[in-house]
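Chain naming follows the written order as A, B, C and D, and within any one chain the residues start at number 1.
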């Protein structure tokens, strides 16, 4: 088992308390890494996460957005993200990946070895990293992956 | 466990040998009941089954079409269905539900208590009927259902 | 000016009286040649004609379907077409292209030199053939073509 | 004839020289007012303008984007817009509507009396304002409108 690395988040939206993967044991986690000005994220990934959020029970699947800004930092700051979330009526928790003092790639993105956005990450009920893929993944495949993790049952 | 009733099929397409559910133990079965002139089948159900057929391994998921003609029998006979299958390049096995001497509803459709088309039926690796729904089901939900049945593992 | 050849129709649906192009002078005519079991017709052409029918005033644009059966004649007869029209709730007039004793291609299809289905034909207010194309044509292009013919004004 | 008011633009992208409506006489102008963080603009309006830009000859139709920021000014400045244009590979000229010292609504937006974004404006070959509508307009309707203006011929 490869445990999913802890999130490093500078600021949270859509949640009253900070989220930690460790606190979500027992749920399948759909972690969606995106940038608000990345067309593939806006047109495919974000709407898909809204469908995942609507499809599954809150106690079964936790949807989390992670704003992994690795380019154009000046125009994708938290203030811009706040407007993006509001205008797109996103309801699931979204965290700002912690900027790294030592380069453009933020910390969580670096720890997971993500190569760009959108990246979909699935974490099982025990906290293990089970799926990570950049680009578009079809709804049928995302559903099948989540379904398989759900079927492993509560631990 | 409710065992899925056996198929009663008058004629098969896209398979050299007759299919029986009992012979498919160990696979998840996606059974799609349709009529070739039902718009909801043509626009939603059939393309979805093509995606399911493309998405999963043959040894994991068996996709079967069932032509459950319960209206307009004169123009949806096997000859017309053969053209429909050819023109739409459908590659998965399709059976013609056995007409019943005693009414419009064919036999398999009656045994399952289907109320119309399209109807999606999912059968688990042990042959149990696990899901039956008329109308459109989203790809995400279909994927999740199949994924859960797949995760129950080979028996 | 190339006058659009007269339609040769064996049977009409969705109209109380037989239609003749000559009787429609003053209107732009969108003539859609299709086969009920041609996937490109069902998925693209027919829905587009429904949009055209809904978009323009009846006094400006006449939408006419033409069932040009050139293959699989046995299963695309008028009885099957009647069911297709009913199930798809098509509201515009549809004629069955007159079968030709001397081959598979019906008469109107032959006169226009159509090479398959779907084929979109546009006829101006004076009865001149202005556009004929097989395959998919985008809504934007269809709209622009109709718009230009409409702007030529009543004659 | 209502002459389309002159554009007041603070900064241009995708054009070497400043554009003025008066310099475009003889062309039909499709003017698309948008905000880069308005979902209806990103999902519908902008892709439609890309299709319009691809469909028509440059000498016939001039597509112009106008960034009419009337809310969230701090995060939709020219630097952010530049990234948006780059990431979405927009190729048509885009101007930043001139901010007004006296309120949130920029000058061109105010002069046209626009009520929000996206707004589609069509201007004929003589410079007359012929169409202005907020919200989504179907491709078929946009095509028909442009086609009619094109058919009025060069002046």
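Just so we're on the same page, a contact is a pair of C-beta atoms (placed from the backbone, for glycine too) under 8 Å apart; a residue touches a chain by one contact, two chains touch by 3 or more.
In this text the structure is predicted, and so the values were computed from the model without any measurement.
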Do the two copies chain B and chain C share over half of their interface residue numbers, or under half; same or different?
same
In angstrom, rounded to a whole number, how far apart do the mean CA points of chain C and chain D lie?
36
With chain centres taken as the means of their Cα atoms, state the distance from chain A to chain C in Å.
50
Would you please write down the residue numbers of chain A that are in contact with two or more other chains?
none
Which label fits the chain touch graph of this model best, line, ring, star, complete or other?
ring
In the complex formed with chain D, which residues of chain A make contact?
37-39, 42-43, 72, 74-77, 79-80, 83-84, 87-88
Touching chain D in the complex, chain C uses residues 51-52, 55-56, 138-152
